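See structure below.
Note that the chains take the letters A, B, C and D in the order they are written out, and that residue 1 is the start of every chain.
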Amino acid sequence: MKVSIAGATSYTGRELISILLNHPAVKIVHLGGRREERPEISRIFPALAGRCELRVGGLRPEDAPEKPDVTFFALPHGISQKYVPSYLDAGIRCIDFSGDYRLKDLDAYSRYYGTHENPQNLGRAVYGIPELFRKQIRNAELVANPGCYPTSVLLALAPLVGGGHILPDSIIIDAKSGVSGRGNALKTGSLYCECNENLTAYAIGTHRHVPEMEQGLDFLGATGAKVIFVPHLVPMDRGMLSTIYVELTASADTKKLRKIFSDYYSHELFIRIMRPGEQPRTKDVMNTNFCDLAIEAAGNRKAIITSAIDNLTRGAASQAVQNMNIATGIDEKTGLT
Amino acid sequence: MKVSIAGATSYTGRELISILLNHPAVKIVHLGGRREERPEISRIFPALAGRCELRVGGLRPEDAPEKPDVTFFALPHGISQKYVPSYLDAGIRCIDFSGDYRLKDLDAYSRYYGTHENPQNLGRAVYGIPELFRKQIRNAELVANPGCYPTSVLLALAPLVGGGHILPDSIIIDAKSGVSGRGNALKTGSLYCECNENLTAYAIGTHRHVPEMEQGLDFLGATGAKVIFVPHLVPMDRGMLSTIYVELTASADTKKLRKIFSDYYSHELFIRIMRPGEQPRTKDVMNTNFCDLAIEAAGNRKAIITSAIDNLTRGAASQAVQNMNIATGIDEKTGLT
Amino acid sequence: MKVSIAGATSYTGRELISILLNHPAVKIVHLGGRREERPEISRIFPALAGRCELRVGGLRPEDAPEKPDVTFFALPHGISQKYVPSYLDAGIRCIDFSGDYRLKDLDAYSRYYGTHENPQNLGRAVYGIPELFRKQIRNAELVANPGCYPTSVLLALAPLVGGGHILPDSIIIDAKSGVSGRGNALKTGSLYCECNENLTAYAIGTHRHVPEMEQGLDFLGATGAKVIFVPHLVPMDRGMLSTIYVELTASADTKKLRKIFSDYYSHELFIRIMRPGEQPRTKDVMNTNFCDLAIEAAGNRKAIITSAIDNLTRGAASQAVQNMNIATGIDEKTGLT
Amino acid sequence: MKVSIAGATSYTGRELISILLNHPAVKIVHLGGRREERPEISRIFPALAGRCELRVGGLRPEDAPEKPDVTFFALPHGISQKYVPSYLDAGIRCIDFSGDYRLKDLDAYSRYYGTHENPQNLGRAVYGIPELFRKQIRNAELVANPGCYPTSVLLALAPLVGGGHILPDSIIIDAKSGVSGRGNALKTGSLYCECNENLTAYAIGTHRHVPEMEQGLDFLGATGAKVIFVPHLVPMDRGMLSTIYVELTASADTKKLRKIFSDYYSHELFIRIMRPGEQPRTKDVMNTNFCDLAIEAAGNRKAIITSAIDNLTRGAASQAVQNMNIATGIDEKTGLT
């Protein structure tokens, strides 16, 4: 399978290259970027020296020396939508990392992101959390790869939401992310001396992943769910932990709740339910496609769910490869273990 | 004023020494520890070389070369209670960092800590958060210096609780602490390679600070308050951020809520209310006695409070000095700015 | 190929398990440890949950359910030598991570490590830096896997030493290591709050890797070489950078020196020579078997070599697998890319 | 004493403000910056909220509401020289943090920095390492506050250089700095995800501190000294460790060398000589004006000196205050302990 990456010079682009270099069914035929010059990718990411000799070229389908079967878009929102249509027209399967094709509701998109230039392809896009929407992802031409926060949250809530176990307006999400979630753009808040030995909440009530989570909950059956979401920036490269507080529709102890999770994900290789007394640690999922989950009953009909992923792999690049595997009909875990 | 420290070889002991060395009204007359040998304190904490020439001696009042006016106990719970009585008997004012004298309810103590050997002094102890219990701290002979989590949480909740603005059983506390909160005991979970680049929740439903927070809320007027409390360990030396979710008794927007906070703490030097749009950052309170607070309205009659302190200073050593200043009648901010 | 690991509960053991799980020619048949109980390995390293279901059993050859073809010893020095002989007697190929079989000079061993209980196997051991001693490693029954510092240093010096380009008594090595080099034993100096935001030199003039480096230089032709070696502890999990200062036997500019390196390693997949103006960064070799090298001429017939490896992979586990591949005659890079 | 700061929005500016706020003889009358708007300083550095209410105004002497007695310039090189002359003309004592007035040799300045616009004041400038050049600093009108690397290196070499104990062309300096040394300008190399868990050498043979160190050695008596200098970037906020390798003019053991250091600095409060077997740790000098030093004999007439400072305080802000104290005739340690 021939693949290309549009937006190869982002951190998620770099992760994706690393994963695809080890994928036995894939050949990377092209890397695209937004720069004028055409540097070797190893000039930008020296870690790739001796592993990938490609240069970074243009972003259009015709910039690739060979037509890819699949193209990943690791571009910012607003930019993906400028390029995706021509790839779809050329019959190239698209997997987009940005927010551009995630929201079905164009109004919600406008409120959080601005004007959409390619609304006609929204209906074609499949929201790609494999364990939750596997059937829809099969043969999808356009996969909207989810945001990192929504991935960690929806995987954590799906077992309870599907069974009607929680009140849909009771969900409080206290999420914590490593700094790579900010990308490699030059911002004061991304400087080492601003992030190191520091901890802060940000974007309370305004984060773009809120409508995405609420839509995802709706997909899972929690119609009209509203979440309170507070993300935090934690001094580490990668890793994301979401601690989620919910009200249950009926009393349940920890043992029963854990069983709901174990049953729901009993056939899933990449979801690990913690043993009693254990909590997910972001370091245990680092560089992997795993999502580690724990659940504890608390107080009066409440529960606390903790969910750990690596924001760059399960939160972006490895989940995208899992989506590619499913969409193209190859073994889902290929290149991911 | 002559002071001594029992438990000088802990991280909080070290912080306390540093602060007291710069306190203009204080002379440190003795350092006590639990070791057999009598090392210079600078052997244990080389940062103190050239600043403090004392050796670490015994823990009993009679081990000090001069009788102190005030003794700080930076000892673990269960140990403080073995030494405090003889100091009180000798007429020495005691400020205890452990959990031994914080809980008025002996049953709660037993459930979370074990048997108490000195219950007769519980009634004498004053719970020492200066901004909330200043009057009681004046002239107190025994101050129970609060835990770091309860300090950050009670300062955050006091403005709403006092005015009856929140439902006392709605409180969810998602707290994050730097690693120094674990102390310098040798445990696998405190190793650099276990904590660095890692993030995890711990002690869900079992943390000893839960009854302390609930008692503090009761002191503030929220009778019978129950909290859900999830602490997390964050890869940084020091700093604590509590993100607190509450249900309001009446609708209020962010502006109104912020005014409640500003009014409540209008005369407090060490409490800073963030400006609109700003969030507390632990780095901004590092090495200080400040508590930085922000509040945001959220959804339907809910609010989110964020509270940042340095767990070693405001969460232990500098708050203890503030308590000493108040108890002994000197200017409260002496040595703390 | 069946392999087992004696000492699976160390950090290098964990790295080795991770690598071997992805090695297409290998099946792990046994994990041995020094503990009484027999925990699942995922209890000790939760990252391995869902990836490795083995329990940690005994250290003797007969403790394995199937006889391994190769056993790795990730045990401390002094312990490996107690077990290796019985494995050799059973015809099992041994790859030892400790210092026990590295030094040919028993006196040097005694001075730096203490009494050796198995000197008779010293002659049988091959010192395993693949790029430098590949011929000897082929078919070796006992490979002494090198220390992390000597690996980074000898790979850096080999091109100059072999050609007689440097004065053998001029070598100054200023090396810096991440904290995982200290292992997971409980020591105050390994605590997060001792290592984080801190930097220090240690073991000046006494480090056990000194005789190993000098022996390695002797193997490469620098008879009687003496090095000055100052290791430093750097606040990061993994990564090692050695900055090496040498005097040249004849004037040479940077371009010429770089060519010596490029030529020397022209056929080596795992050695990368930096481009002009670039310096190795430990992050670029993290989790890999690469050694990144740069060289600069300096002043009057001097040169500065910088060498970056990951101390846990190239400095231990992945180099051991490379040695296994060579010793057993399979493609050297199998499982390492 | 009235002071102002030109360049208050840099990290060293922030440090300086913090120190001066606690200086009993000082009132900050003005903060100057290079921005158009006039923000409160606490908008830029929230840590200063409640501690400093000043706004950031212009850089010229007339921008201050009151004429300062002393002005600190925490501006980049090339910018200081545009403003210093008018301050000198106005009779204001100047302490400059940049490289603009450090080098006496205009050619050296040009080679490393570019054209100098104010060479006529070079002769007037005093190079301000207090322990080495105290006499010259007294009453100085213009103090060139040294670079962080030269400070750590010259304090380390002074005891040996002054006594003629080392060969002046044998000096090798392997220095390591925390990231704050890079300042808060937006550069890819200063991003958290580029620095964290990473270690690299940089600017080999080209660093601007080389001529400054060589000039300093010349001041101390080592005429024509040439150094080899390799700086490294270490993942920590602040702290600098220089490991220095020298050849001695005569044999000396560690004890004798340590005595030379102890004698040389016997009356210096801010220089601490490590005890036998101890090594300086950057964490022990963090936020202080201390320089911690150790020396070990090595091999054949060689020695290894290690020198730790905090790059933001002793490497910039607190040393500047020490210089101010000396220049203005007040107790040298005022505000620094």
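By our rule, a contact is a pair of C-beta atoms (placed from the backbone, for glycine too) under 8 Å apart; a residue touches a chain by one contact, two chains touch by 3 or more.
Owing to the predicted nature of the structure, the values given are computational and were not obtained by experimental measurement.
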Ask   = Centre-to-centre on C-alpha atoms, which chain is most distant from chain B?
value = C
Query = Does A-D or A-B have more contacting C-beta pairs?
reply = A-B
Ask   = chain A to chain D: how many Å between their CA centres?
value = 46
Inquiry  = Report the inter-centroid distance (CA atoms only) between chain A and chain C in whole Å.
reply    = 37
Ask   = chain A to chain B: how many Å between their CA centres?
value = 39
Contacts with two or more other chains, residues of chain B listed in rising order = 194, 196-197, 235-237, 281, 283, 286
Message = Under the definition above, what is the set of chain C residues touching chain A in their complex?
response = 22, 46-47, 49-51, 197, 269, 272, 278, 281, 283-288, 290, 292, 337
Inquiry  = Quick check: in the complex, which residue numbers of chain D touch chain C?
reply    = 169, 172, 174, 176, 178, 194, 196-202, 204-205, 226, 228, 230, 232, 234-239, 241, 243, 245, 279-283, 286, 296, 298-300, 302, 304, 306, 308
Contacting residues of chain A [partner chain D, same complex] = 11, 179-180, 184, 186-188, 190-197, 235-237
